[in-house]
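Contents: one structure, followed by commentary.
The chains carry the letters A, B, C and D, assigned in the order they are written, with residues numbered from 1 in each.
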Amino acid sequence: MDQVDIDIVADPELQDPVLIEGLPGVGHVGKLVVEHLLEERENELVRRVYSEHLPPQVGIEEDGTAELVCAEFYALTLGEQDVLVLTGDHQAQDNVGHYRLTNAFLDVAADFGVERVFALGGVPTGELIDEYAVLGAATTGEFVSELEDVGVEFREDEPAGGIVGTSGLLLGLGDRRGVEATCLMGETSGYLVDPKSAQAVLEVLQDVVGFEVDFESLEERADEMEDVVNKIEEMETQQAGGLGADDDLRYIG
Amino acid sequence: MDQVDIDIVADPELQDPVLIEGLPGVGHVGKLVVEHLLEERENELVRRVYSEHLPPQVGIEEDGTAELVCAEFYALTLGEQDVLVLTGDHQAQDNVGHYRLTNAFLDVAADFGVERVFALGGVPTGELIDEYAVLGAATTGEFVSELEDVGVEFREDEPAGGIVGTSGLLLGLGDRRGVEATCLMGETSGYLVDPKSAQAVLEVLQDVVGFEVDFESLEERADEMEDVVNKIEEMETQQAGGLGADDDLRYIG
Amino acid sequence: MDQVDIDIVADPELQDPVLIEGLPGVGHVGKLVVEHLLEERENELVRRVYSEHLPPQVGIEEDGTAELVCAEFYALTLGEQDVLVLTGDHQAQDNVGHYRLTNAFLDVAADFGVERVFALGGVPTGELIDEYAVLGAATTGEFVSELEDVGVEFREDEPAGGIVGTSGLLLGLGDRRGVEATCLMGETSGYLVDPKSAQAVLEVLQDVVGFEVDFESLEERADEMEDVVNKIEEMETQQAGGLGADDDLRYIG
Amino acid sequence: MDQVDIDIVADPELQDPVLIEGLPGVGHVGKLVVEHLLEERENELVRRVYSEHLPPQVGIEEDGTAELVCAEFYALTLGEQDVLVLTGDHQAQDNVGHYRLTNAFLDVAADFGVERVFALGGVPTGELIDEYAVLGAATTGEFVSELEDVGVEFREDEPAGGIVGTSGLLLGLGDRRGVEATCLMGETSGYLVDPKSAQAVLEVLQDVVGFEVDFESLEERADEMEDVVNKIEEMETQQAGGLGADDDLRYIG
């Protein structure tokens, strides 16, 4: 195996596809969005990407078979738009690996003729959220304007420290290859898997890509999470004699 | 030295051999099994594998000579079955090294015509165990069925987090090369070197490979460990005024 | 992308330029100096250096666009002297990366014909400072003498442990290429971004390179920092009932 | 710069030289021995070895000049025996680097025709020592016997965990190249720079290599250290009301 190995599983012809990336990250926001898209639309696994920079690990499937850790690309259609979806259970395990894997991801995108990339993620606020804003960053001023028109917020110096990992590098390395890219980040507490934040990101994505999906299963997941949060708050209220729970929720997923 | 160096010590002709791997890991289960096989059967050292991804270290032999850290392959026969055994005192020291070493191990296996791999290990339960189940994962559904027939348990989402290190990659990378592989994991507390768990794994291995070995020395080792555990429990009972010792045993080997 | 990628943004002809490096470090002294020079003088961005040894990250500009982390070279003139300035927001993230990036920086310097390098930094004293000395190290005895003549102090065994990171390697690797180099280190508490230390370094640099800049904006920044320090001291005096604050200031920037 | 760069400083013809290595380690025992040899005998710097696996750092000389971190080889004569001495201020910073640097060291040794290597170090006992034994390990049984004849002790399973770093790999990688090598380890508390342990190692080395040096300066250093230890013990006795100081000395050098 080389540093990165790309398996061609299928090789459909796609019409000017966009790439939507949703790897694990803050609040699992990006991953929730792409999982929802894969549930809601017929799709075809087209590539598997293996790398010595991913964890040295196999996952166990329901039938007892083991699968080597990898990132996966799926092809599907949203409205009129052909789409490549990139997802997986892991990010690269080291800095150098982030660069090498993201370059491989952009190689796959180039194979399919992708000229626009949507990297999805969450931005942690540190407290529970009522109104889910979606923050953005993009490779060009024109793309920034287009995203502002559908409600994405661009705030100076946010997220502080920039965007780290695959999502950040899809913009940084994509731009160097002439690929237009944005990162859409749903605000999220950062403590919880956050289907509501995912829904906010998905709404923006619908507007800018031009499609509509049913939100029902995502809303159900949001309700389940709300029940969990309420229970925790109750328990903490009892334990703490009424103190608010916002500040010290542990990560729950 | 390259990233991985393979020394050919001997090059016997083997008849459709299987590979049995037992490197150090949880409860030293895998290593105990292969050590027992090497004690019970005549064997021949056939390969040494050196790597800059192993610790930069020599071990000291009884006669005062130093041996560079390596992994070793032995050839032996179990029943009618020719077998390669892979063991050693160390795993790779970094993620990338796990990939590179496991690929080298599979290269050696391919040299000898291995088409089936048994990776052995332990799965930690966090508490002392009465009935030693053996959990499994395998590269194909057929192999899963065959192993279920000899009592291996396949449980959804167990081990949680999948299988990490050489054992996991023997399945993951093996599968990509068309080699059938399983990981057999004896349940073990995770706190102790666990000869009883090793015995449970060995019993499964006997059934699926088709051989029988004497368990006496392994049982003696289990008795010794039991004495150790009993003493610790006594001491802790005295210290804690009767509290159970299960929860906070330290690792003893 | 290779380990290091150098983008040529502009390629002006420079007359016997010197290189002045100010990457982030103790007290941000080096970075403050080069930022001040870039504010005070017209300059031209000439190179961007990208590397998988920099953080896998993009920064967000004021207009919402994302920029891949990189180091940058600017060309400008100080007095009669053509100058290359090297700055950026990050150092390499690992030891090997420090070597590879610094070699790339020296490659860029060689492209422009640089024969003399000024690496700028701070040396932590652990306490607040009244008189800002500038310590030095250099690749040749002649350069040491020249710098002593403009007030740089060379003290045996200081800084203890030598000079680490890009600044150190510009001397170490520069010397191996026959490039004369010095590291000028302003004494600084180490707890604060220190514009006064930067001013001390800049005064030395003026003398040895032969130019003059206005210090006003740097002095304003120093005044702001002084206000911050005074407030902290007041608060700590109140809290501690009069104990000196020198020993346990936290890092503030 | 490549992973490892070897500078040829001088290239004297040596008669069947042996290599004596003394890089920093437990109690600085090995380094003290080779420093003593370099003080007591005329010598010539013959090689400098640079590497991206050494710290990214320069040291500052007394005259204010900076020197890139490196390992150094010196040529000298002890009795009738031509000797290469390997020393420096740093070991490799990572596992892979230990392998690559030690291979480079063995390349240099091969250039000069070295067929026998003495790696020197300390073995920590955890308590202050009256009688300084020298433990050994070697690549061949014959070398073990020869060293036993001059008082080196070979103890089963000591040092526990084997020998780590350059000293260990000089044996491990040396043996793979057909170079006879030993590691001589002076017992030392592990808390202190230990000239007495160095003297014990040096006495063995004298016997096996066949030379004699004056010990005076080493004995003076030992006396200085003893004064330090006595003062610490006094202070601790006063503080602890008479408790022994052996168990919790901090590292002093």
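Everything below uses one rule, namely that a residue touches a chain if its C-beta (ideal position, glycine included) is under 8 Å from a C-beta of that chain, and two chains touch if they have at least 3 such contacts.
Small disclaimer: the values here were computed from a predicted structure and weren't measured.
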Listing by label each chain that touches subunit A and subunit B gives none
Given over half shared residue numbers means same and under half means different, the subunit B/subunit D interface is different
Go ahead and note the Å separation of the Cα centroids belonging to subunit A and subunit D.
-> 53
CA centroid of subunit C to CA centroid of subunit D, Å = 38
Among all residues of subunit A, those touching at least two other chains are none
Return all touching chain pairs.
-> A-B, A-C, B-D, C-D
Can you list the subunit A residues touching subunit C in their complex?
-> 92, 95-96, 98-100, 102-103, 136-141, 144, 148, 154, 156-159, 161-166, 168-169, 171-173, 175-176, 181, 183
Okay, in this complex, where on subunit D does subunit C touch?
-> 1, 50, 52-53, 55-60, 62-69, 93-94
